[in-house]
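The following pair of complexes shares a single chain, chain A, combined with chain B in the former and chain C in the latter.
For the complex of A and B:
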């Protein structure tokens, strides 16, 4: 049975008159196989085959898909959609037997790069295929290199509504002619990530990693259930690690006072952090109340199973030494959210030529990344700005920046660092 | 699950915090039980005694439980082997006297009407004992301490000199020797 462990980190003490409770919940999968998993896995591959893919990109993509097909374990199922102006199901869902792999590879060989980009039609085909195995771990990979056609926008919105909760989708943009915002909208709704593949020859390694992660999943359709007391309001609920995903608007409300946030599938030893910010009715000094009860709910064949629970408390105090302390995890992830926001707004300002604002915001990002030891983000920032002083965040904008580097920074700005243990981070000021 | 009532009056399905308003639940009162002896209703789960017959719900007896049945006793005896060369002969056929140490302070000494000294442990037969020689005092936790009051000839506890004006805890079976040949043994006694 898959065991989930939920732990809440917070400073429950709040001053009189205050009505906001912040908490970080760490959810970790412990233990082995079982609950909620039929053991079945379906991998969907959607490859952009529009005209812009012509040349090196389509060759690399085709090669990568062929290799991916070879890697599939025999007990997994898969299908392939070639995406142009319409979605073309070139290989319908089948078990990954050597025989069907051969057929799939023959089908891949026929792919030609031609036509436009209407992502909604691609997703529609995938949705049909995934509907065959509703209890399986359902993972889709979407590879594109360009922008969605303008006329497809409203259709895409409606299609995302239909696909939400039906499968998960990792989006990859190859090259630099695609829009981060657009793919992020898709991957966000479909509980995946968006990333850039700067060169076509890197597609294969990326696909391999996505497949590895998908095959590692054990439980699908896990919801994060948050109960809050009468008269309270959830200001936000965000996944904050491994990357920032705002789930606030994504809640379903099965009952009053209860919000269910989708978290998708979970794999072995996976661990994620969530940040809750709850507005409660202000209490009197000495009052103690439950501001939230967070649990994980696994649905198997229509039956809900609550698998872990943690409590978020609020205790009103007039002792300032207690109420002014900020939990180090809450502080850390508040900082990481600020870091992501500084990068996104900084790049936006840079894009519209507002260099002063861009310098200030990206400088702040450099400082925040340094303070929180987010080395991956620091490295990406250094490709866009010349760092003079990391601690103070003094930077100069680089004049010549590869578009791919700016896009990589933008797509990966939401990747957070995990909090350092105090014994491995003697310089940490989060304590 | 039985419905529980939260401090604000909501029906809660949770036992720790109210499932409606989140208020901390106070532990629900245990169901009232009747007195096993006279079958009168017990007032509340905290009530120690039956209001009608005085049944003690904890001990199952009637009335207040008896206090711990134990007290201290001091036995005065003459031990001729304690005699020194300067001492007069020890009185023969001295029958040991047992004194119950009921009081907070028990003076060891020789009585004097003139000086209004009336020791609880009176050792008039031994003229090497000071009028105010020593005190045996009860401590808060029902123990005893010995304090030599700066006596002329000193006090020994289990054969060693007791420091004057210091409180020394006593235990069951301790022997206090003083004067020419007087020995006081302290003991805890049941009943």
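For the complex of A and C:
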């Protein structure tokens, strides 16, 4: 049985008239094997084979996929889609036996880089394949190097609606001619991440890591269920660690007062943090309220299983020494969200030539990253700005910045540091 | 609806709390728990921890938050959370033992300590049990019994101490029997005598720096000075009147409770109106009052 543990961190005391309750919930997987999954795993591989991939990129991608296929355990299933103007299923779903691996590799060899980029057709092919194994852990890798064709945009929107909840997708952009926003839209809806692979020779290492994580997953289709009192409103629900994912608009509402947020599949020893911000009816001093009840729900064969639960409370007090304290986890992740926003808006300002705004925002980002000891982000920021004073956030924009470095900062701006615990080394970024 | 007195089998209307014939206390029927006081949701919407599944608010009237003790029409007490504190840190115990000995203990937990509610409860229980035992075993030598009860209460509160927290409480205990009332106390919880006319007479002297400061100079708890002894006083009953024990949540608002006590139809009504008065005046602290009419 996979055991989930849910813990809430908050300062429940709020002053008279206050109507906002903030809490961080840490969810950790503890122990054992497969509740909620058949143990079956399907790995889908989608590789961009449009004309722009021609040359080093397509060679490196083909090599990386061949290696990936070799690494697949025999009990996993896989399929491969070559993506151009239409999705071409070059290897339909099959168990990863030595024999089928041979056939897959032969099919990979035939791939040629030609034509345009219509991602909706690639996802359509993947959706068909995943439909064969609805109870499996369903993970997809999508590699591309360019922008989606304009005429595919509306089709992609509709396809994402169809794919949501059907499989998860990790998106990787190789080089610097792709759009962060575009891939993030796909990975966000399909509960994966978006990252940059700056050079083709790094594709293989990245794929290995994605596969490792995918194979580590034990439970699929986990929902975060939040009960809130009548008359309340969820201002936001965000995953805040290991990276920031806003789930607010993603909720299903199975009944009144209950929101189900998708969290996808969970692996061994995985731990994530969530930030809830709930607007409640204000109470009187002395009142105590259950402002939220958060639980994890695993659905297996249509049967829901509640696996962990934690409470979010509100206690109104006129004791200021109690109500003015901010829980340090809430403060930390509020800071991390501000950091990500400063980077995104700073890079945007830089892009449109507004240097003053860009300098101010990226300077603020440097300060926030320093304060929260988010060293990974600090390192990325230093490639874009010259830091004069970390504590005060005084910076100068660098004149010559590699496009890949700016994109790396943009894609990884949502990675958060975890709050420093006495027993962990400072500066470790996530996990 | 009618029900029978368990003592004399005379019928009484259900709303009566005492048998008209013999005065026996009629068992209060297990009435349905109230609806959610905030949103009016049905009782079944309220979870075992008291939270309403509709509006989320916790039902204020948990057992400890407000509890009423009625020994007889002339002997009753009430302890209430008040309006400003999120829990009730006062505690109260009272009963009539060995037919004619009336025992009352009131404690007020010092709210700067974390387990103030546990401190007042432990002290009350220990002192009360000790007094009842002394009286029932016939060793009722009043002052000795009271001092023994104080020692038991002190030990009970001291046992609650943990690293970083020394729970503490005030205490006032009274035994009324025959022509005497004997009282012992530490801190600023009080005892009053209220005669047929005139103002109430305070029988205790607050162990406090000044009546305004609320900084008590004596208390029960692990951090109490070791050589501190409870003060005691003996009051000689010379005529009819009322004995009132209360915490500062009451006397802060009502320095002279005489009129209100005399106006009560019975002891229960009187303590209810006292607590109501304190709450209407602001209810800034927990409020406890115990009344014995002699």
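Following the convention adopted for this analysis, the second predicted complex is superposed on the first by the 421 of 431 C-alpha atoms of A that agree within 3 Å, B and C clash if a C-alpha of one lies under 4 Å from a C-alpha of the other, contacts with A are read in each partner's own complex, and residues count from 1 in each chain.
Just so we're on the same page, a residue touches a chain if its C-beta (ideal position, glycine included) is under 8 Å from a C-beta of that chain, and two chains touch if they have at least 3 such contacts.
Here the structure is a predicted model, which means the values were calculated and not measured.
Engineer: Overlaying the two complexes on chain A, which is it for chain B and chain C: clash or fit?
Structural biologist: clash
Engineer: May I ask you to decide whether A:135 touches chain B, chain C, both, or neither, giving the answer as first, second, both or neither?
Structural biologist: neither
Engineer: Can A:286 be said to touch chain B (first), chain C (second), both, or neither?
Structural biologist: A:286: touches chain C, not chain B.
Engineer: Kindly classify A:317 by the partners it touches after superposition: chain B alone (first), chain C alone (second), both, or neither?
Structural biologist: Once the two structures are laid over each other on A, A:317 reaches chain C alone.
Engineer: Please tell me which partner, chain B or chain C, touches more residues of chain A.
Structural biologist: C
Engineer: Contact-wise, after the overlay, does A:231 reach chain B, chain C, both or neither (first, second, both, neither)?
Structural biologist: both
Engineer: Where on chain A do chain B and chain C both make contact?
Structural biologist: 228-232, 280, 288-291, 314
Engineer: Quick check: in the complex, which residue numbers of chain C touch chain A?
Structural biologist: Going by the criterion above, the answer is residues 38-39, 51-52, 54-58, 60, 81-86.
Engineer: Along chain B, where are the residues that touch chain A in the complex?
Structural biologist: Residues in contact with chain A: 10, 14, 16-24.
Engineer: Once bound in the complex, which stretches of chain A touch chain B?
Structural biologist: Going by the criterion above, the answer is residues 227-232, 257, 280, 288-291, 293, 311, 314.
Engineer: For chain A, which residues count as touching chain C in their complex?
Structural biologist: So the residues of chain A touching chain C come out as 228-232, 280-281, 283-291, 314-315, 317-318.
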